[in-house]
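Pasting the structures here.
In the two assemblies presented below, subunit A is common to both, partnered first by subunit B and then by subunit C.
Let's turn to the complex of A and B:
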C-alpha cells in the first residue's frame, strides 16, 4: 500500500532551510573567533621554498599565505549565496517556475516609454555618474538594454547622457544592439548617445539643458547619483516628464522618492535587470539573494535580542573580561 | 570566441580580486594593485573618446545650423579654448621647471662666500626663474578655472537649495497615512534642528534626535543590507559571465 506524505508548502520549507542556515552561521562564526573576536589572520598554507627565488624565500611574509579573519562574514555570505544560487539554477534548468514579486517601479518603465511614444517625444536615460568600475553603472546599463529594446519596438528615440566616456561607448553599443534585437536598426541614432562632461555640475547643467530644450517625455535615472540627483529630478518634474529613478545610494534615495514618480530602492534596482530579462539563471540569482536575506533576518533578530539583554547588564569592571552575552553581541556587531 | 575571451578575462580578474580581498600576501596584493593601476590608466585614456563624441555631435549641429546651434558653438569654442589654454599652461610649467633647474645648476657652478654678493650668472638665473614661475602661475587657464568655472559650478550646486524647498513642498502634503507620517516626522526634525524649536518646546531637539538616531538609522540600514546583497548578486553575475552588460556590442 502506498503511503502519501503531505508535502509542506514551499514557504515553510524555505523558512526551515533559512533558519537552519542562520543557525549554522551563528554557530560557525564563534568557532573562528578568538578573544579579540574577528581581528586576526590565520595561516592558510606555506609556500615551498623551491617555488620562490633565493631572495624571496628568506622573506617570511612571502612564504606564508594568510586568511584575513575579519572578512570571514563576507566569505560566509559568498558561500551561502553561491550554494543557494547553484540549487536554484538547477531548479530553474529543470523547468521550475521562479516567481518574483511585482516591482511597480520596473513596470513603470514600460509605461514611461509608452507615454513618450504617445507624445512623440524622446526618452532620456542616465546611467549614473560613475564609471564602469561601479557595479551600479553596470546594473544601469543592463536596464538601458531593456529600455532601448522596448523603445525600439515603439519607434521611440532614446537619448543617453553620460558623464564617463567608457560608459558612453558601452551605452552606444548597448542601444545599437537592442535596436538590432528589436529588428529596428534604423531607430538607433548615434547623435543621441551623448558624452557631456566629466565634471559633476557641468554634466548636471548639460542634462538640465537637454531636459528643457528637447523636452523628453520620460526621464529614467538608473545608477549611482550624488548631490545632483535632486537638481536633475526637479528639472525633469518642471519639464513635465514622467520619471523613474533607481539607485543604491541611500543619501540620494529621499530626493528621488520626493521628486520622481517611481523609485527603485536599493535591491530593487539590482533586481531590475533580472526582472526584465526573465532569464532563468539571472532569476535564480535574485531568488538566491532573497534566500540570503531570509538567513540574515534571524541573525539580526538574535542580535537585537542579545543587544537588548546586554543593555541591562552592568558594564564590566576595569580589567575583568566581558560577559558571555556582551561577547556574543560584540561578535554579532562585527558579523553584521 | 568574441564573447568567450572577454568573459574569461573578466572571470580571471574578478576571482583574483576576490582572493585579494580575503588573502594577506604581498604577491597577491602587488598583482592586484598592478591590475587596478591598469584600469585607472585605461579609463583615463578613454577621455579622448568623450572629446571626439562631443566634437562630432556639436560640430555637426553647428555646421547644419540645427536648433540651438549657438549653444553648441559656445561649447566648442570653450572646449577648444580651454584645451589651448591648458596647453599653454603646460608649456609654461615646463619652462618654469627648466628655469628652476638652471638656477640650481648656476648656484652649484658659482659657489659664493658667506656675505659676498652673488655672481651675475646666479642673479640672472634667479631672475629668469622668478619670471618663469610667475608666468606659470598666472595663465589664462588658471584665470578661467578660478574666475569662471568655479563660480559656475558653485552656482549649479546652489540651485539645490531652491529645489529642496520645492520638492519638500510637494512631498509634505498629507494625502495618505504614509505622507502624513512623513510630514509629521519632517516637521519635528526641522523644528528640532533650529534654535527656535527649543524655545517652543524643550523636547523638540530630543525628539528629532530620537527620530534620526533610531527609526531613520534602522530604515537606512535595512536598505543598505538589501543593496549590499543585491551588489553581491550582481557582482557574481558579472564576474561569472551570467550577465554581461560590458559585452552588449
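Let's turn to the complex of A and C:
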C-alpha cells in the first residue's frame, strides 16, 4: 500500500532548519571558544601520530584529543534534549496525542479575521522589522501562512507590510500558496503585499498610514519589533482593530500586552508554528524542551539551596583541608 | 385545532365547576360571576413547532447572534448556513432545498460592514428557491436582520422568490446584540404565515386575547421574567420525548438551546449513542447484565411512548435522563457565551492570564434556581428522585434552589406575563412550581471521609440553631418543609469553596420543599468507584440518604 506524507509548507521547513542551526551554534561555539579549555580538560584518547603522518616514528608525537570538562553540563543537556526529542517524536508518529496548552493569542487569530469579514475590512499583517535571517521573522511568516489560509476561506483580503525586500518576496509566496491551499486563488491580491521602507520610522509611518486610511479591522504583528511597537499598537487600537501581537523581544512585550488584545509572549511565539501545524517533529521539539525544563528546574532549586548553605559554612582554616561537605558543595557549584 | 381546545376547556369546566363555554361552544368573555373568563391565552407547537433556517456571515459572530434570536423566539433551528461553514455553495444550496423551513432568518455584517458576503448568502437562497413546509400558495417569509447597506442588494436578489421582512440588524456593531426586533418579527410572521396554515387557526386567533406564541418561546419568556423579577440566575430544562430545551439567564442574559436529538422516547437511542453505554450504566443501582440493559433501551426505541412498568425499567430511564440532561447542559454551555469578535482593553496585569473571548456564561456557582420540566422529572415516582436526577446531571455548586414544573403551566404563564406579569408570577410561584428544596455543594474534588464543611441552620420562627457536618463522599438530607425559610451559615474547611472563595464562610437564605435541604459532599465531578459492586452500593447509599429509594 502506498502511503502519502503531507508536504510541509516551505517556511516550516526553513524554520526547522534555522532552529537546528541555531541550536548547534549555541552548543558548539562556546565549547571550543572557551578560554579555559587548556586548563580544565581531560584526555579522552590519543591517536598515534603514525596514523596521520607516516613519517612520524615515536609515540611522543601522538595527537591528544581532550574534552573541556567545564562544558559537561552542555553535553548532558544536549544528550537529554536529544533523547527526549527522539522519544517524543516516535510517540507522535505512532499516533499518540501530544497536547499543547491553549494559546489564546493563536485562537484569537480566527476571531480577528472573522471580525474583519463582518466589518468588510482587510486584515493587516506585519512580519516584524528584521530580515529573513532572523528566526523571529521566520516564525512570523509561518503564522502568516495560517492567517492567509483562514482569510482566504473567509474571502477577506490580507495586507502584508514589510520592511525588507526579501521578506516581502517570501510573504508574497506564502500568501499565494495559502490561498491556493484554501482553494481560492482569486483571493490573492498582489497589490496587498507591500514593501514600505528599509528605514525603521519611515516604515512605521507607512504602516500607520495604512491603518488610518484603509482601517483594517484586525492587525496582526508577529516578528521582531523595536521601539515602534507601541506606536503601531496604539494606532491600531485607536483605529478600532483587534490586535494580536507576538514577539520574543522582551523589552517590547509590555507595550504589546498593554495595547493589544492578545499577545504571544516569548516562547509562545515560537510554539505557535507547532500549535498550528500539529506536525509531529515540531510538536516533539516543543514538548522535549518542556521536559528539559522540568529536569533543569529542580537542579536550579538544588543549586540555590546548596549555594545558600555554602554561604553559612565557615571558611577552612589556613592549611587545613576542606571538609567533605565543603568539597561536595564546591563540586556541585562548579557543575551547576 | 379549536375542537381540541374546546375539549380541553370542557374538562376544565368539569374540574372547576365553572362554566367557560357558551351554547355555541365559544369562550364566555368577560367573566360574569361564576361564568366566563377575562383572558384566554394559548401557545402552539402545532406541526412540530416553528422550524427555521438561519444564515449569517461568520459562524461565531452574526450567524450565532441570528441563531440566538431564532431560538429565543421559540424556533427550532434546522441548520445554520454561513460563509465559513466549510461547505461548498452547491452543498449549501442543496441543503436549503432539502430543509423546507417555515421561515428564514438572514443576518450578516455589522451596519456599514460587508455587503458582498451578505449578497452571496442571498444568492444561495435565490438559487435554492426554497418552498415552505406548510401552505402551497404563499411565499416563504424571510426576516432580514443584517447590514443596512446590503438591504437593496438583498432585495434585488430575492424580491421575486421570497417574502422579505427587513428589521434592525441583530448585530449593529460587533460589541453588542439587538435581538428584540428580529424576535418580534419572527413571532408576527409565525402568526401570520405559519400558523395561518393550521386548520381552525383563524377562529382560535379571535379567541386569544394575547397573541399566540410558540410554546418554547413562551417558556423562555417566563424564565426571563422570573430572573428579572427576582434578580437571580435561572436554569430551566424541559426534557421531552424528542428534544430537550434548556433556558438560562446568567448575568441578565437570556439564552435558549434545543438539543434536537436528546429526549426520553423518540430520541432515547441517540442519548445512548451520544453518552456511551458506560456513562449510562454508571448510574444504575441494580445489577443487570449489559445485554439486558441494551435490550430494554432498544425496546424503548421500538415503542417510544411506553412508560416504565418495572423498577429496572425506571432505573434505566432515570439513568438515561441524567445523561440526556448532562449533555443538553453541555451543549447549552457551549452556546451561551459572551460575544466574539469584540475589541478588548487590557492591562499589564493580564500579561500571563489573557482570557479569550466567547467564554461561557453558564456558571453553576452563580446559579440560584434550577427548574426541571418534562415527564421524567415532573412525574417521577418520588420528588427525591427528580431532585437527585437534577443534581447528578447539572452538578450545581454553592447553594442552589431546586424545583419542578407541576403540570407544564410555564408556557401559558409566559404568555400571561405579557398582559398581567404580577398574576403570572403569583401563579408561577404558588401553583406552577413544586419546590424541592435547596442543595449545598462545594466545588472541586472531595476526599472520602474528610470534613468539607459545617453548616448552621436557623429556621425562621425557631431560634435553635441546628448544625450539620458534611464529609467527603456523602449526601446528607435535612428536612425543611415546603415554604419554610431558613438562614444557613456555611463554614467550609480549608481549601473548600462554596461560593465566597476557598475556606470563606457563606450566609444565605434558603427555602424548603418536598425534599428539604441536600448537602452534597460527593465532589465535582462525582467520583465513582471503579468496582461495579462498590459503585452500586454507593449509589444506593446516596439514594437512600435523601429518600430516593428504600
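The rule is simple: the second predicted complex is superposed on the first by the 226 of 336 C-alpha atoms of A that agree within 3 Å, B and C clash if a C-alpha of one lies under 4 Å from a C-alpha of the other, contacts with A are read in each partner's own complex, and residues count from 1 in each chain.
Operating definition for what follows: a contact is a pair of C-beta atoms (placed from the backbone, for glycine too) under 8 Å apart; a residue touches a chain by one contact, two chains touch by 3 or more.
Remember, predicted model here, so these are calculated numbers, not experimental data.
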{"item": "Partner chain in contact with A:209 - subunit B first, subunit C second, else both or neither", "value": "first"}
{"item": "Superposition-derived comparison: subunit B or subunit C, residues of subunit A touched", "value": "B"}
{"item": "Partner chain in contact with A:104 - subunit B first, subunit C second, else both or neither", "value": "second"}
{"item": "Partner chain in contact with A:253 - subunit B first, subunit C second, else both or neither", "value": "both"}
{"item": "Which superposed partner A:74 touches (first subunit B, second subunit C, both, neither)", "value": "first"}
{"item": "Which of subunit B and subunit C A:219 touches, first, second, both or neither", "value": "neither"}
{"item": "First (subunit B), second (subunit C), both or neither touched by A:283", "value": "neither"}
{"item": "Touching partner for A:261 - first (subunit B), second (subunit C), both, neither", "value": "second"}
{"item": "Touched partner set for A:242, first subunit B, second subunit C, both or neither", "value": "second"}
{"item": "Which superposed partner A:201 touches (first subunit B, second subunit C, both, neither)", "value": "first"}
{"item": "Common interface residues of subunit A - those touching subunit B in one complex and subunit C in the other", "value": "253, 257-258, 265"}
{"item": "Complex contacts: residues of subunit C adjacent to subunit A", "value": "57-58, 60-62, 83-84, 86, 108-110, 112-117, 171, 174, 340-344, 346-348, 350-352, 354-358"}
{"item": "Subunit B contact footprint on subunit A (complex, rising order)", "value": "41, 44, 59, 61-62, 64-68, 71, 74-75, 77-78, 81-82, 85, 131-133, 135, 138-139, 141-142, 145, 162, 164-166, 168-170, 173-174, 176-178, 191, 193-196, 198-199, 201-202, 204-205, 209, 213, 227, 230-231, 233-234, 248, 250, 253, 255, 257-259, 265-267, 269-271, 273, 281-282, 285-286, 288-289, 292-293, 296"}
{"item": "Subunit B to subunit A touching residues, read off their complex", "value": "18, 21-28, 39, 43, 46-51, 53-54, 56-57, 60, 67-68, 71, 152-153, 156-157, 159-160, 163-164, 166-168, 170-171, 220, 223-227, 229-238, 242-243, 245-246, 248-249"}
{"item": "Subunit A residues touching subunit C - in the complex, by the definition given at the top", "value": "102, 104-105, 107-108, 111-112, 114-115, 117-121, 153-155, 237, 240-242, 253-254, 257-258, 260-263, 265"}
